Amino acid sequence: MLVVRTTFARALQIVIVGLFVTVGTNLLVRLVPGDPARAILGEKASPEVVRALRHELGLDQPVIQQIARSLGRLVQGDLGTSFGYRGQEVASLIGPGLGVTAGLAAVAIALSLVVGVPGGLWLALVRRTEADLIGRLGTTVLLALPSFMAALILLYFVSLKLGLAPAGGWAGSWPENARYVWLPALALTTYLGPLIARTVRQAALDAIGQPFVEAARARGVPRRRIVACHVLPNALLPVITLVGFNAGILVSGAVIVETVFAVPGLGSRLLQAMSTRDLPVMQGIALVTAVSIVLFNLLTDLLNIAVDPRIRRTH
Amino acid sequence: MSMKHKAGVLLMTVGALLTAAAHGNASDGTLRIGIDQFPTNLDPGQNPWQQQQAIMHLIAGTLTNQEPDGKQVTMGLAASIEPGDKRFVVKLKPDLKFSDGSALTATDVVASFNYYMNDKTNGYSYTFTPIERVIATDDLTVEFELKRPYPSLPFILALPSSEIIPSESIEARGSKDLYNGDHPLPAAGPFQVQSFGQDQITLQRNSHYAGTQPSTKTVIFKKIIDPAARLAQVQGGEIDWADGISPKQVGQLSAPVEVRSALAINGLSFLSLNNRDSSLLSDVRIRKAIAVAINRKQINEVVHAGQSQPALSLWATASRYSRPFLSADPDVTRAKELLAGTKCENACKLKLITSSASEAGGDTVIVVQQNLKAIGIEVDIVKAEGATINEWLTQGNFDLWAGGSFDVADFPDGYLAWTVGQANEALYSGYSSSEMNRLIEQVNMTTGSERDAAVAALNALFEKDLPLVPTTNIVSVSASRVPSEILNISPTMYLEVR
Amino acid sequence: MSTEITTADINVPGHVAVRRQIQPRRIELHVGVGLILAVVVACLVIPILDRTDPNALVALPLQPPSAEHPFGTDMVGRDVFIRVFTAGRLDIALAALGVLVPFISGTVIGTVVGASRRRLVDTVTMRLTDCVIAFPFVILVLVIVVIIGADTRIPLLPPGAASVLVAVWIVNWTTYARLARARTHVLRQEDFISAARLLGFSQARIVARHLLPSVWPTTATYAVADALVLVSLIAALPFLGAGIQPPTPEWGSIMYEGRGFLLQAWWISFTTAGVLLVLGTGVMLVVDALVSNPRRPRLP
């Protein structure tokens, strides 16, 4: 019942957020200085030609009118057509990029969980030893490193020096992409992995201090079983929320990592659209990103409700 | 952490196995080129940037072909061109075919030029303005009737923007769809478009090409925005050619990757000075002081790692029109003399803008800032991304701009128009001189000794007015793992694929 | 926006953090504060002692570290050592400014909303934070950079700083507001707040005198970590053509400019990253020490 209600409330929220972002991007993007027509035609085209192209793109109309028109189209489910890729639908231009970024993010999240959860649990179990200190310092170092440095270090040393991965690029279809995806995903993992490890460690420490763990220990339950049945489930809960919270950051981080590894995801689309001032594509990407972030948050909320009985009670 | 370590080792092993699996290379006739900007459609009139032109150049079938040295053209689809003051007569080669096998005749030539001349949104419209009309007198003969003498026309006919396209397609498809990359037009250049994506463009040898067939079967362009990423990929063997790397990274290349570079035949890097009254630089004495104070040798060393050459005149060093009058070394004493009595005599502050996308621009401004400090001019560097810079330039919201301009061959028309001519709204110095415009017209319409005299007068006027300050030649540095006979960059700044 | 969220920071509904009795991690706290101070002092003192212009071309490009240039020279021949520590002043100032404003505004908004009995206020604010979080930060920064202009300046700060700060201010308050709201919801159940209400104190007084003093330590703990994340975020912006633009020395742009030379001249990026890591380690040690001791969540 609660799941249904939450889903409904969140669905409504997606609509509201979608509207906000649409109006927001429309407004902001149209306020950006720099002339799309000039960006397409280059600095050598004559002013008359630039004016003619502005007219063709509808840029000579008042901003309010431009925004109203693009909103009107959106109501009909139409993201508009690109300025640069003339005559091509924005949706068809950014669709493949969305798939690539989603794939990259998914691998990165999986990798982060595989590394972060056991890592964090282990740090909690060895707490207040040298290993704990070194482990936490390690996560700190990774977190303090800007994402592009992490990506470049991996690119130069893992790929070029050691030759363990292609130096960027993308295969285009899925089993083949595995060869290309793991290094960029690892670069994103250098941020999310340590974060998960730190969170799991903290949550596990909290759980270890709880009365039910002490009770279990008093009953003589084996240590392995306490960890598996009592500590781990409690340590996993905040991870769901954490991953949900970081969906947006993964998308932003993906822009940089995609650039370093030349992965044709949404990030490269966005940079390209920014540099050519392809306003419809910029709007499309902003909208798609925002909606996926909200959807992702909805998913984590539902997951939280499903696995944590306490939330159901407090609602 | 040990878990993480183990996982890392595992991943690396998996990665190594996967990497060992597959690798393409150049020996099977495929070239993979990493480049930072793609055409977004196949409209030759709307893809003006150097990298876009390099790609369009491989597809376009043109009446004349640009020689790699940039100094002359050879016959392309045309068998002969008979020049004249008001009329050029072009004879086509017999039995020409588009890439789809359909015949290419004078009708297609006329239809193509009519389309370009009527297209209000064609960025190269200025190349067509001297043309009155284009007519076919028979299947193999085309006449270009001119409004005025146009000796540069053979160069213009070699531009990708003058490519010949099928007249049937123009009628059938209409301007909205004509250049959609998803279903490319039949073309008559050495290569035809096989697939046209946002991140990969694949070209295939055109078996119906009228000229010498290239040995390269397939050219794959990959869009790689970051220069550091392009360098890594060519070094890692993912691509064969990394277009446009930093000259200073050359020391990082290791065999079999080698450096390839070319100096543009026509065009320079320069400091565009704001000649408008709103700027201190409307005073020609300050402009001249800056020109003398700039250390061109140092800019060449620091910015281009010595791969370029100091620019000592309005023209590229290799251009036939070049007449050096500047010095490669700075002369601080002379510069200070020039500043005497100006607003910058004691100290002044100038705003120097450059695009954040241009690494060369970014490094140049550092040297310029230091050079001008020596003559008491404080330089305030402001970087912004390209489209914003363009906006400031048009508004005159700057004092100096580290930029440049080039053209693909050694003909004066376009370059003069953008740098010192009437069209320089686009290059923004705000300089406007009726005397200069008259000389430009003279240069553009004459040939032989008459042109030489006009160029000499124009160069003298440039030296006197100095609306912009040349710094270095334009150099394009790339990294390649294929022999230069197969793929190289030429002074035209086109990629030469053989 | 980059945020580090740990369980101690967010109260997952129904998941009330249990206060454990653990010895304060004194050593970690001291070492952490020591590391932070070391970097801050170095950034303050070194540019005073060594008066080299950070933009001067002092030697040949790409020279390895030497006695004269301890961190070597960069690709145009500037002294990396002086640039790194001059940059530190700017980065630390930016981090402080970038954290302080959202910390104050977010904490106040979150507490007020959390204390409010009107559902509408709560819903509207929370949906607003959702919208801000959903809006792609990269686009927001780029747009703000171009809107307020690369040459709009905050006094004493270089061009580009204003836009970065504004973007961060617009986005980051949301996390603080959410944290403060969650904490307020917990506090609302506590006796001393009920007592204050029974005594008929005004809402404003309860918020100012009773709630805020208990809420801010939570958000302050988060703020310390946020400052570090902010530094590495600012560092990533040049990659997107935004942020503090070279030649102004800034850690991010130094590393960014050096990125093409990692094999040839590692010292440009790696010495800078090293200083950033020392600071980062200090910050994390302090945060860990504070988080694991919830009874003393005050900054040293």
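First chain written, first letter: the chains are A, B and C, and each begins at residue 1.
The working rule: contacts are C-beta pairs under 8 Å (C-beta built on N, C-alpha and C of every residue); 3 or more make two chains touch, one makes a residue touch a chain.
Predicted, not measured: the structure shown is a model, and the values here were computed from it.
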item: Chain located farthest away, centre of chain B as origin (C-alpha); value: C
item: Pair of chains joined by more contacts [C-beta pairs], B-C or A-B; value: A-B
item: Where chain A and chain C are represented by their mean Cα positions, the distance between them in whole Å; value: 21
item: Euclidean distance of C-alpha centroids - chain A vs chain B, Å; value: 37
item: Distance between chain centroids, defined by C-alpha means - chain B, chain C (Å); value: 43
item: Residues of chain A whose C-beta touches two or more other chains; value: 32-34, 152, 156, 160, 259, 271, 274-275
item: Where chain B touches two or more other chains, by residue; value: 228, 357, 385, 387-388
item: Multi-partner residues of chain C (at least 2 other chains); value: 146, 241, 259, 263
item: Residues of chain A defined as touching chain C within the complex; value: 13, 16-17, 20-21, 24-25, 28-29, 31-34, 136-137, 139-141, 143-149, 152-153, 156, 160, 191, 195, 198-199, 202-203, 205-206, 209-210, 237-238, 241-242, 245-246, 248-249, 251-252, 255-256, 259, 267, 270-271, 274-275, 282, 285-286, 289-291, 293-294, 297, 304, 308, 310-311, 313-315
item: Contact set on chain B toward chain C in their complex; value: 227-228, 231, 245-246, 248-249, 251-252, 298, 302-303, 305, 351, 356-357, 362-363, 365-367, 369-370, 381-385, 387-388
item: Touching residues on chain A, where the partner in the complex is chain B; value: 32-35, 38-49, 52-53, 56, 82, 84-88, 93, 97, 111, 114-115, 118-119, 122-123, 131, 134-135, 138, 152, 155-156, 158-160, 162-170, 172, 178-179, 182-183, 186, 193, 197, 259-262, 264, 268-269, 271-272, 274-277
item: In the complex, chain C residues that touch chain B; value: 55-57, 61-62, 75-78, 146, 150-151, 159-160, 238, 241-242, 245-247, 259-261, 263-264
item: Interface residues, chain B side, partner chain A - complex; value: 1-4, 7-8, 11-12, 14-16, 18-19, 21-22, 34, 40-41, 43, 46, 48-49, 120-126, 176-177, 179-182, 198-200, 222-226, 228-230, 232-233, 235-239, 357, 385-388, 390-391, 405, 414, 418, 423, 425-427
